[in-house]
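Both of the next two complexes hold chain A, though its partner changes from chain B to chain C.
Then we have the complex of A and B:
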C-alpha cells in the first residue's frame, strides 16, 4: 500500500532508464555463458559455488557465496552485523556477496610477506555501504587459511553503556570492564579452539595472591582463567594480546594472526562512560582500549590488521562524516599511519541486480509491484543502491 | 472723486435745460474722458454700463516666433543651457514628443508638455559643455607622474593603495557617516619579511589576508573622520610590520598544534614511516636478538627515497587541504608503493 502511494508520487520523477537493467543483465548473461565451464549446473546467475574466499576471483564479483554453517558458528560467534544475522535466520542460510574491496584486501594478503611488519587495512565508506560485511568476508578468508583471528566486533560497544567499571588491579589509574572482557574471551575461545592448546605462554602472570599462571602453560588455560574469574578478565585480555603479539610470526610459532577491528574510530574518540564523580573517562584509562591500541600498532609481524570505520555507533561525530582522517581524528590517523585505506562504495549496477535477484529468489519481495521493472527502478531510486537502505526497503515489501 | 464729478454733471445738466441736446454731446465728450479715467481704475461692473462702460483689457500682444527658429546650428549651446534648468520648449530646437498617445494618435508635442518639464534633463551637460568644464578644471590639476605606465610599475613604486568613498546627495546636510570608511590594501611580497616574520604576520592577520592574491586588506571605520581612519590604518600597518619582526620569549614554547600548516618533518607520521621501513629492511630474527644498526639503512637514505617523498607529499596535502576522496586515494597509492604491495 505504502509503495503504491509512493510510486504514484515518484512515477513522474523516475527517469526511464532501461539501460540499468539491460546492462546489468548483459554482465550476468556473460557470466552465465562463462559459468557452465566452471560449474556444471548453475541454478542461478547471482550465486557462485565457490565458498572458499581464497578461490574467489574478479569474475565472481556481484555473486553470492554461501557461508558454510559450521564456519558461521565458529568464525562469527559475534562478528556479523545484527541485521545480517536476522536475515540469516530468515533465509536459513548465510550468503555474502563477493565485492571488490574485500577481494582487493584478500589479494594483498595472499601476496604479502609475513616476515615484515603487519600490514594495516582500513575499510571506509558512507553509512551502510558494506564495510562490516567486507571485514567479515576477509575474516572468513583468514579463518579458512588457518590463521588465528582476533575479531573485535565493535569497539564502540566498549566505550559506552558500561554497567560495571572496576578500578584495575594491575594499574591503579585504569579501569576494567569485566563483563565486556568476559564476553569477548568466550567468543575468542569459540573461534580459536585449535590454537588454544598449541600456544604456550612466555611469561608468568600473577592474578591475585593465590592465583597465577606459570610460564609454558597453554593459552587455553589463560583464557579459561579470564572467563571463570570475571574480576581479572580485562587483565587476561591484555595478557592474551601480549602473548599473541610476541609469538605470531615467529619461526617456531606456527600461526599467523589476523586482527580485525570494527569501529576503529572508537579507539581515538571519546567515551560516554563516567566515573563515580561524574567526570568522563578518557579512552586511555580503559584497560581494554589501552591494550587494543597496542594491538593495532604495527610493531609485530606475521599477520595483518584489518579494520573498518563506523560512524553509526560512534560518539560525538557528525552523521555525514565518513572519510578516514575525519573519523579517526588527528591522533588516530597519526597512530594508524601508514595504512592502506580501502573504499567501500554503494552497489554497482551488477551488484544491485544480483541483490535484487537474490531477494526475489528467496521470496523476500512479496509485493507484486516490486517484481516489475517500474518497481525495480523505484528501488534503485529510493535506496540509491546503498546496501543497507535497500535491505531495509525490501524488508517491508 | 466719483461723487464729485457726478454732481457736476447733474448741475450742468439742469442749467442747460432747453439746449440739452446740443450741449449734452459736448459735455459728454469732456465728461466721457473724465468718466472713463475714473471708471477705468475702479470699475468692475463695466458691462452693465452700456456703451459708456466698455472696458478694455490690456491689449494682448501675439506671442512672437519661438527662439528655436532663430537658432543657428553652430551656436554655442552652453549659452542656451549654461546650468541645470527645466525644459523650455522654445529654447530646445528638437521636435520632441512625450506622453502616452491617445488611441490612434501620437505622443503629444513639446509645447505645453508638462511631462517634459517634470523630468530631469541633461541639456546642460553636452560633450562640448563638459569639455569646457574640464578646461576650467585643468589649472587645478597636476600631471600624472612620468614612468608610472603599468600596474607593475605602480605596485613597485606605490605599493599601498587606499580606497575611500565620497557621497554626494541633496538634503539638509552634506555630511554622510559612511564616508569615513578607509580601506588599505598592500601586497605582502612588497613588505620586507623573513620566514619567522611572515609566519607571525600571517597569524596576526588571520582573515584579513587573501592567500590567492597575496593582498592584505585593512578596513578601518572606528574613527569619526576619514583623515583619522587613514592615520589609523597606516598606524596598524606599521605596528604589524614591527611586531612581526620581534621575537618574544614565549614564542619558543610553540608546539606542533600551534603551527599554521602541517609540516611532515619531525612529525609522528615521519617517525612511523621510518620505523616501518627500518623494520621491513631488517626482519626481526627472533626474540632477544636486537636489530643491528649496521644493517638498517641510514635515516637520510630512507628519507631520500622517491616513494617516501611521494608519501610525504600526500600526507602533507591531506592534512593541509582537508580530506577528500581524491586526497585519500592519493594517500593510498603512496602507501601501496611504500609498502610495495
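Then we have the complex of A and C:
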C-alpha cells in the first residue's frame, strides 16, 4: 500500500513531457486511452508508474516498471540473471517489462485456494525468451504480498562444478555440498529476514555430539547454525525445507510460501560431479537435490510452486530443446504432473517497440542508423524479436 | 648421355687418324651426323624472342582454315556458305568433347588472325631502303597515325572556312555523338600500331583525337573515329533474372539457387509477408547463431530495402556455417532480381551481391604439409 502512495506522489511531481514516438505505436496509444482513472503518464509511453505487481493489469503489457532499489537488495540477492544485473548497474535502475506470462501466473495466484495442495506453474519457451525474468517478476509479486520466498536461482549450479563434495553424515549413501548450501542459506536469510524470528521449529535436530537445535527455537537460529557450521549446512537446508513444508499451510503459521526454482530440468537430469573414483554421481545421491525434489512435490498446501525450464545451463541436452517433456524427461514430467504450463514467447510487436524505446531513452543505442526506421527493421530481422538476442545485439562490443 | 658418349666415340675416331681414308670419311660423316645433335649446337632459345611467321605462312594458314571450315560444315551437314565462327565453335565442341577445366587448353579452330600474333611487315626493301618516310623516327605507324589525325583536322577546318566564306555555314550542326563508349587504352593502341607506345605518346594521341571529335563537322569522320573507341555494355543487361511467379493465394514469389565453396542453397522469396526468415525449417536465429552469418543473409534484403516485406524460405546443405551463409546470400540476391527495377539490379551487381565467390579450397600438394605450408625446414 505504501508503494502505491509513493508512486502516486512521484506521478504528481513529474513535470516534463517527453515527445511521444508516433510510428507504429498505435497499440500503446490505445493503452494510454484505455486507462482514464489514472493520470496521463507524462514520462513516456513505454514506462508505467505502477511498480506493485499486484496492481498491474493487461493494459500495462509491454510497459516497463521500475523495481524499487530496496526490493532489489532484499528480494533478489541472487535471483536476477547476470546480464540483467549488468544492465541494472549501467542504467542505474532495474526495469522489468510487464509481459503476459507473468501476468497470467499472478492472476492465478490471486484467485487460488490456498487450503488445497500447492499449484505448480512451469515457464517454458525457446532460449532467451524471458523465462527467468517472468519468474523474477512473479517472485517480486509474492514478496510484495508478504509471502515467504524460497528462491533457487539456478538448480544447474548445484549439479556441476562442485569443488567440495562431502559424504553426508545423516545418510551415508548421499553427498553434501557445503559451499553451495551455505551460500544459499545466506541469501535465504537476506530475503526472509522477517520470518526467521516468527517461525518456530517443530522437531529437535542433532548436528553433532555437542550441537543440536531444540524444538521451539526460531528458524533464524537454524539458519545461523547452517551458515556458521559449514559442514552441516546441507542438512540444515533439508531441515529448513522440512519445517517450512510442515508449517506453510497451518492457520497459526499465517504465512504463505512461494517456491521458485529456475532450471527445473536439473532435478531430473544428469550431473557432471564425479566421486573420487571417477564414477559419476547421480542426482539422488546429492542431499540438496534430494531435498529440492521433496520441496517441489505438491504434498503441502498454503503456497505455490513456480518453476522455469532452462536449456542454457543444462547438461547433456540438445541446444534446440525447449519443450517440457523433452527437457524434463519422462521421469521428471511424471513427477511434475499435474502442472500449469505457461509459454513464454519472443516479443510481440508492441513489446519490441517498447524495448526499443527504452533503449533509446537510456541512450543505449548510439549508432545514428539505429534511430531510423531501416535500423529498427534491421534489429527486428537480426534478433527475430528474441529478448536476449536483442539485448546482445544492442550491447557493447 | 648417349649423345655425349657417341660424340666422344666420334671424336675419338676422328682424332685417331690411324684408320684408312675411307674409314676416316665414314667415321667423319658418322661423327658429323652424331655431333650435329650434340649439346654444343643447341640454340639459345631465350635470346631468339617470339617466333616469327612469314606472310606466306600466314596466307597458307588462312587458306587451310577456309578449306577446313567448308569440310567441317559438310561434316556437320550444314550450309557451307553461311558457316559462322559460333557454328565452328559449336561443331568443334561436339566433335572433340573435352573435360579440361582450363578453357584455353581445349581444342579450338579459329581464324589464323586470332591465333597467330600480329607482326610487323618487313619495313625495308632488298636494297635496304625503308618503305615509309617516317621509318627513321623509330615509331613509323604511331607518327603516321598522328599525321593522319592532324590532316583530317586540317581538312575539316578548311572545309569549314570555305563554307563560312560562301555563307553556307550550317549553324545547327550537332557534334559527333560517341555514345556509351570509351577511348581505347594504351595496350589497345599498341596492338593497333604494333609498336611500343609510351605514356606521353598515348596522352598526345588522346588529346589529338579529342580535338578531332570536338570539331563541329566531325560527323563526316565519325566512323573512322569510332574505330578508336570501345563500346561499354551495361553489365546488368546480361543478368539472368528469375521470373516472378504467383502461388494459389495470389502472392508473388520467386526461386533461385546459390553456391559457395561446397554449399548449395535454394531460396523462395514470397511477397506480402512479415519479414520472417526460415532456414531448413528452423528459425534464422536458431540455425545461424553467429551474428556474422545472419548479417550476410540480411545484406541483400537490407540493400534492396525490402526487409519487412518479403518472407524467406531457404534450404541449404553442405559446407560449413560461413559458406552456407554465403550460399544463402547469393540465392537471395538472385531471387530478389525479379522484384527490382533494372537500375536497382545494376546497383546490386556493383555492390557485388550477384557475383559468385570463386574461392574454393586449394588442393594439397605432395612434398608439403598442406596447400602452402611446407614441412619444417631442418638444417641438417
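Criterion: the second predicted complex is superposed on the first by the 365 of 397 C-alpha atoms of A that agree within 3 Å, B and C clash if a C-alpha of one lies under 4 Å from a C-alpha of the other, contacts with A are read in each partner's own complex, and residues count from 1 in each chain.
Here is the rule we use: contacts are C-beta pairs under 8 Å (C-beta built on N, C-alpha and C of every residue); 3 or more make two chains touch, one makes a residue touch a chain.
Note that this is a predicted model, so its numbers are computed, not measured.
Chemist: Since both structures carry chain A, what do chain B and chain C do when superposed there: clash or fit?
Modeler: Partners fit side by side after overlay.
Chemist: Going by the contact rule set out at the top, does A:250 touch chain B (first), chain C (second), both, or neither?
Modeler: first
Chemist: I'd like to know which partner A:320 touches here: chain B for first, chain C for second, both or neither.
Modeler: second
Chemist: Can A:393 be said to touch chain B (first), chain C (second), both, or neither?
Modeler: Only chain C; A:393 stays clear of chain B.
Chemist: Using the superposition described at the top, determine whether chain B or chain C touches more residues of chain A.
Modeler: Chain A has more residues touched by B than by the other partner.
Chemist: Considering only the touch criterion stated at the top, classify A:176 as touching first (chain B), second (chain C), both, or neither.
Modeler: Touch partners of A:176: none, neither chain B nor chain C.
Chemist: Quick one: classify A:378 as touching chain B (first), chain C (second), both or neither.
Modeler: second
Chemist: With the two complexes superposed on chain A, say which partner A:337 touches: chain B (first), chain C (second), both, or neither.
Modeler: first
Chemist: Once both structures are aligned on chain A, how many angstrom separate the closest C-alpha atoms of chain B and chain C?
Modeler: Minimum C-alpha separation, chain B to chain C, in the superposed model is 7 Å.
Chemist: Which chain A residues are contacted by chain C in one complex and by chain B in the other?
Modeler: Shared contact residues on chain A (touching chain B in one complex, chain C in the other): none at all.
Chemist: Show which residues of chain A lie in contact with chain B when the two form their complex.
Modeler: It is residues 108, 111-112, 115-117, 119, 124, 246, 250-251, 298-299, 301, 323-326, 334-335, 337-343 of chain A that touch chain B.
Chemist: Within the complex, which stretch of chain B touches chain A?
Modeler: 267-269, 272-273, 275-276, 279-280, 283-284, 286-287, 311, 315, 318-319, 323-325, 328-329, 331-332, 335-336, 338-339, 341
Chemist: In the complex of these two chains, what residues of chain C are touching chain A?
Modeler: 275, 277, 282-286, 291, 294-295, 298, 301-302, 305, 307-308
Chemist: Can you name the residues of chain A that touch chain C in the complex?
Modeler: 126, 319-320, 374, 377-378, 380-384, 386, 389, 393
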